[in-house]
Amino acid sequence: MHHFKRLAASTAVVLCASGALAQDSITVAIQLEPPNLDPTSGAAQAIDSVLYANVFEGLTRFDADGAIIRGLAQSWDISEDGLTYTFNLAAGVTFHDGTTMDAEDVKFSLDRARAEDSTNAQKALFADIAEVTVIDPLIVQVTLSQPNGMFLFNMAWGDAVIVAPESIDTIATNPVGTGPFTFADWVQGDRLELTRNENYWGAAPALESATFRFISDPTAAFAAMMAEDVDVFVGFPAPENLPQFEADPRFQVLNGNTEGETILAMNNKVAPFDNPLVRRAVTHAIDRQAIIDGAMFGQGTPIGTHFAPHNPDYVDLLANSQFDPALSRSLLAEAGLADGFTTTLKLPPPSYARRGGEIIASQLREVGIETEITNLEWAQWIEEVFTNKDFGLSIVSHTEPMDINIYANPDYYFQYDNADFRAVLDELNATTDPAGRSALLAQAQTIISEDYVNAYLFQLGVATVARAEITGLWVNQPTAAVDLTGVSWGN
Amino acid sequence: MSRNLIIGAGLTAFFTGLAALSFLWTPYNIEVLDIPNRLLTPGGAHVLGTDHFGRDILSMVMMGARTSIAVALVAVGIGMGLGVPLGLWAAARRGSLLDDLIMRGNDLVFAFPSLVIAILITAVFGPSAINAIIAIGIFNIPVFARLTRGAALPLWERDFILAARVSGKGAARISVEHILPNIANLMIVQGTIQFSLGILAEAALSYIGLGAQPPTASWGRMLADAQTLVSIAPHVALIPGFAILLTVLGLNLLGDGLRDWLDPRLRVVRT
Amino acid sequence: MTLLTIKDLSVQIGGTPVLQGIDLDMAAGQITAITGESGSGKSMTALATMGLLPQGAVAQGQILLDGTDILQTPEPALCRMRGNAMGMVFQEPMTALNPVQTIGAQVAETILIHEQVTKAEAHARAAAMLERVGLKVAPTRYPHELSGGQRQRVVIAMAIAMRPKLLIADEPTTALDVTTQARILDLLQGLVDEFGMGLLLITHDLAVVADVADRIAVMQHGRIVEEGATPDLLRAMRHPYTRALFAASARAVDLPPVPTDAPLLAVRNVVRDYPTKRLSLFGPRPTFRALNNVSLTINRGERVGLVGESGCGKSTLTRAILGLEPVQGGTITVDDAPVSQGDHALRRKMQVVFQDPYGSFNPRHRVDRLITEPFHLLDNPPKGEDRAKAIAKALKDVGLPPDAAGKYIHEFSGGQRQRLAIARALIVEPDLIIFDEAVSALDVSVRAQVLDLIADLCRKRPLAYLFISHDLSVVRSITDRVLVMQAGKIVESGVTETVFANPQHPYTQSLIAAAPQLPELAYAADAL
Amino acid sequence: MIRFALGRLASLTASLIVASIVIFAVVEVIPGDPAAFMLGVNARPDTIAALRAEMGLDEPLVSRYAAWVGGMVQGNFGVSWTYKTPVATLIADRIWVSLPLAIYALTLSTLVAFPAGIYAASRRGGAGDTAIMGATQLGVAIPNFWFAMILVLIFAINLRWFSAGGFPGWADPWAALKALTLPAIALALPQAAILARVMRSSLLDMLGEDFIRTARAKGLTRRQALWRHALRNALIPVLTIIGLQFSFLLAGAIIIEQVFFLPGLGRLIFQAISARDLIVVESVVMLLVFTVIMVNFIVDLTYAAVDPRLRARA
């Protein structure tokens, strides 16, 4: 039987409850299983969670608190006009299948991502690349068609990791990267195993092997942790159980932030949401803290605009959208909708949307706004809300890093069209010096806050529950990743 | 009036009463959330405590009763409404191609895994109470069709049917005037059993999020929401479970009681 | 020496008395018959003797079999006696055998239960016993592959496998044809002589009793009203109930003369084939010829009988005449018009009365709706007042009170239901009625009343009927002309008396010979 | 017997064809474009179009149906869009969870139901009978996902006798069986209740038959009559129920697989539907329908083995 053959071949990882024996191996659980193992051709974040920094590396990479640090490119210099980037690659780097990693592979990866028939989910990241030239095996030069202050940031994304032409065909089921861990085995639906890459070019990781388990069901997650079947759960699905883990000496709970701005999106082109007064009324009718407590059991930080609060450039604009039902009713009256109106509230699957939706629906009902809730699966949400823009209100969390630029795109699903905002964004793109950028970012955040484009609710928190002895785990999620490079038991 | 009948009728009346009462009055309005005092244990202001949104669980159970009973009732209605005529028709044309076709069709619908198809239907038309009704209803049709045909076939050989044929009555007229009244008891009994299965199916569908959508309450979804709280506030998960259990138990006992009361074929067991 | 002594036996079930003060003695090698109408307690006496009373039955008195009192014997000991010291044969052979076990195994089981023998030996003895009861079929066959008569032989073989001292037979031949019945009775008599065992025969058929039994006990409402050696009892018949019983079963009915000989129903060489199971996947489906070019004519007001064993095609002919089933050949006409499904005017001329009084009425409808069902055939059926009048008249014609109209069928006895069936048939004043085994399910006394009713109706207005039955004595008393049918063919027909007096066709001769005859009773006629 | 089998096979193939058409039609109608879903919110229209072409979604319905059925007949169910692995291997892995779970649950249910049903029938109306009937009423009424939740709470979290879920693979059969125990119990409960009731009523019907009275007249005790004659006849309707239950267990365990996060066929379908991986949905549902029809066919054949009357007609 095919199944047995594969099983006999792979090392049988003995999962035993007590940590003593398995000091150098770890079982990590995340909610969703990656559909496949090719980070460059699928949007599913679970792929990056497992493979980013562990199996695959890009020219640059995110560190624990979101800063951009060196990756395969040890150093780089940028031309005056900001158009040409020259990367000096690390020496002696090999892929897991033994083939060497050099400038040719970088050119192959970037050209593949920006090609005409490319199926890369974040193709926009590579849009500005005009030319990739190999200077010598360890030096590669990238020329842009227009200056892009975010280019180094873009190259750190999971979708921009460096792959090899030799192993590209079977990448979906047998990923070959340059990272500190190599892919060992994948029992679909149950677990995925990585083992340490013995000839890794950088500092060797403490862990000898790691097993990823996929548990989306909240009770099962709670049971698995309590029964010590799992050592670390990144993105624990049931915030209501966290107090129990905090109280249990066996465990530690890390409450961090993600890049996910959770918003109540309003369809700016559909009446009555085309009237800013109505949008403002909706925003004031919302009590953010009640939603955070009710839906997320206190996990998450309120936001006044579409920006991650842990980012240094965040501007606190909470004052613009204080919870004030009386003001909300008067605004509605002013907008000629004294006795309220009915609209649709379309919710994607995650619990922040489903539970948040029920709370928001009851809060809006207080000021006279009736909402018809329809729960959609992601595929339906993308078709109805995102592509066809057939919705009044929706709740979604935008988890891509630094995605304030979506407000510059008029046919993005909430259809906000403001020329001044676009001007600020264009200028931002052209400037590279940090002080200039943070001033422009502040201005951008203020515009969308005062325009009440959407009701900005809270930054989606992420809770990591782990055995007390484990160190080196990321607290925040600047990008979807479970970086095991620095993780170890105790010492 | 056997013991089963009394207990069954009592339980069923209690829950249908709850459902009916919920139209007029519920202790608290379940649409108002009260996050600060959520997960209160039963007793005091809230007889059965409050759920994770601070809503009164008793009111939720009452509103949930309305959904569950309505969905199951209409689903059984669909099953009977289409299944019984099909069964009668197949029996009237016993042995013909039509009879074969109906029976093959029944086997085919039975072959489909009911839950999977329910998920497919709700995936296609979106989750809602109506789609749950359709999904459950479809799988009731073959049950009634097969039962009706099975009960009607032997009747067609009986003399009083031949007498009716001698009086020139057509197959359709005979099916309605003679066959249907004589299998009515069977329908009532099977109806209650399918009703209880309908409640379980509705609970299963809403448990995986495909039944009635908020703000309408449903026992299955109460269970799903309360699942993660089972270790901190067990009552939130236990109470809806018991509500489903007692309603289904009531209906099954009612079914058994009716079976004995309506056609007391006293099964005298030989020594 | 007496084999069996029943002393003052009485049995109650749930408080209602079923048997009261039964006293009966039986000697070995002797056939004692218990007769009486249904519900008289005959079977209960048999079951009490076997210790197989239903749950909840309370029995007092004594049943001594060879000195041991059955009522006091504990269950395990009783089990050792059943099948060993006493055996029992039941009425319904079709359901008396385990359908999923071979007949050899079922007979061998009796031996294996009572004796420490090897399986092979038990099977050998079983095969021998099956041979002895005249069964020429392999013991490895299954019950469904055998006819009713053959299955009854297997039941008998099982009962006597251990050569019991007492054999009880509860209506052993009621469900069988006349010819098979005769052969089974001969078998039982042979076994009694050969094994020297006592046979307690229970039957409601007085002719069988008179023919076979050494002693007779007549039971009514749970009591033995009269008991004695057969010749003395037949001659003396001290108890009025005994006399009434014998008189009713020998009843001759006087019919008015046939008015005209205008033809009414004409059946000309009708052929009816039933498709049987397909043997080869592609060849034509083999068929079973139920009616093999049958021809008969019935004139207006003429009473014709049709006699034959079960399975000879009687019911098929009825359904064909009524137009309920298509025919593959020949024609059926009433007043020269062909019978077809839709033609109401023609169908109004024919009605039918079935055998099973309990099955011929819809239990959910009231009597008035039941008997007016044929109005469906009339173009403008009587409504309101006329309808009520028609119902009252129909009920009166069959001797039932007008208030019967409001009742449900389960409130009537078997005899009353047959009267209602006749009322239903007469309500549209048909020219021809088909009686399909209409009185076979009735007790002797009730049967006599129904036959008298039919005779009165003929006197009131000319009424032709086709009387179908397997019971020769009934047909003889109620018809002018008779047809004898065998395997789908009419083998003989003629005036009833001449056919019964000297039958021409060998089959008819064997039929008449097999039917048990009631001895000519001097004063039977004036008893009623 | 062969002719019976051939006849049934012909009608089976007809039903399978009709089933495949119905499944394909229902699945194709699901709204939500798989390609758009896979590429996420930031994907550009041209990348989505490129992926649709790669997945062959733009070809006419009929040719896609023909390709799917054609492949299935040769055992190649096509390649899953999201998992990028052949559907056949996906199913092969998952069937090694769903099939043993179904068999395990069925054995548990039968081992409990048979003695209970027989005991209740032999002591009809007695205390034992009422108790068992009461228990079966409860068994049928308990929603099995709620029961599963309680099992996990007690045995996995508090007592830690069993793992809370997951499936360690058959490398260590003992651990695998242990992992399947709680789910099997949760699945077996309602089935055992139903089977016990059917066994009891079928046995009571048989005990009312004439051939039992004949057996008693031959000298068999009540117990012997029940075991030697009534039981075998009572098995026939019970067989049907077991056949139905097996096919239900195979596909109906979706929720239990969800609660115990077992990588079974049910969960595969559920995830495939939400990920709009239509090829997987179509193939797995078709496989389930095929298994159910095969199980019914086998049950029919065993009928003939158990009941000689059918053997003759077959």
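Letters are used for the chains, namely A, B, C and D, taken in the order the chains are written, and counting of residues starts over at 1 for each.
Everything that follows uses one rule, which is that contacts are C-beta pairs under 8 Å (C-beta built on N, C-alpha and C of every residue); 3 or more make two chains touch, one makes a residue touch a chain.
In this text the structure is predicted, and so the values were computed from the model without any measurement.
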{"item": "Neighbouring chains shared between chain B and chain C, ordered by label", "value": "D"}
{"item": "Most widely separated chain from chain A, with each centre as the mean of CA atoms", "value": "C"}
{"item": "Contact-richer chain pair (by C-beta pairs counted) among B-D and C-D", "value": "B-D"}
{"item": "Chain B-chain D separation of Cα centroids, rounded to whole Å", "value": "22"}
{"item": "Intercentroid distance (Cα basis), chain D paired with chain C, Å", "value": "50"}
{"item": "Geometric centre distance via CA averages, chain D-chain A, whole Å", "value": "39"}
{"item": "Geometric centre distance via CA averages, chain B-chain A, whole Å", "value": "44"}
{"item": "Sites on chain A at which at least two other chains make contact", "value": "219, 222, 226, 349, 377, 380"}
{"item": "Two or more partner chains touched - positions in chain D", "value": "30-31, 149, 157, 213, 216, 258, 273-274"}
{"item": "Residues within chain B bordering two or more other chains", "value": "123, 227, 230-231, 268-271"}
{"item": "Contact pairs between chains, per stated definition", "value": "A-B, A-D, B-C, B-D, C-D"}
{"item": "Residues of chain B touching chain D in the complex", "value": "104, 107-108, 110-117, 119-121, 123-124, 196, 200, 203-204, 207-208, 223, 227, 230-231, 234, 237, 241, 244-246, 248-249, 252-253, 256, 267-271"}
{"item": "Residue ranges of chain D touching chain C (in the complex, touch as defined)", "value": "3, 6, 209-211, 213-221, 224, 228-229, 232-233, 306-309, 312-313"}
{"item": "Parts of chain C lying in touch with chain D, wherever the complex brings them together", "value": "50, 52, 75-76, 79-84, 87-88, 90, 92, 95-101, 109-110, 113-114, 142, 144-145, 155, 158-159, 277-278, 281"}
{"item": "Contact footprint of chain D on chain A as seen in their complex", "value": "1-4, 7-8, 12, 15, 33, 35-36, 38, 42-44, 116-124, 172-173, 187-191, 213-217, 219-220, 222-224, 226-227, 229, 349, 377-380, 382-384, 386-387, 398, 400"}
{"item": "Chain A residues within the chain B interface of the complex", "value": "218-219, 222, 226, 237-238, 240-241, 243-244, 290, 293-294, 349, 354-355, 357-359, 361-363, 365, 373-377, 380"}
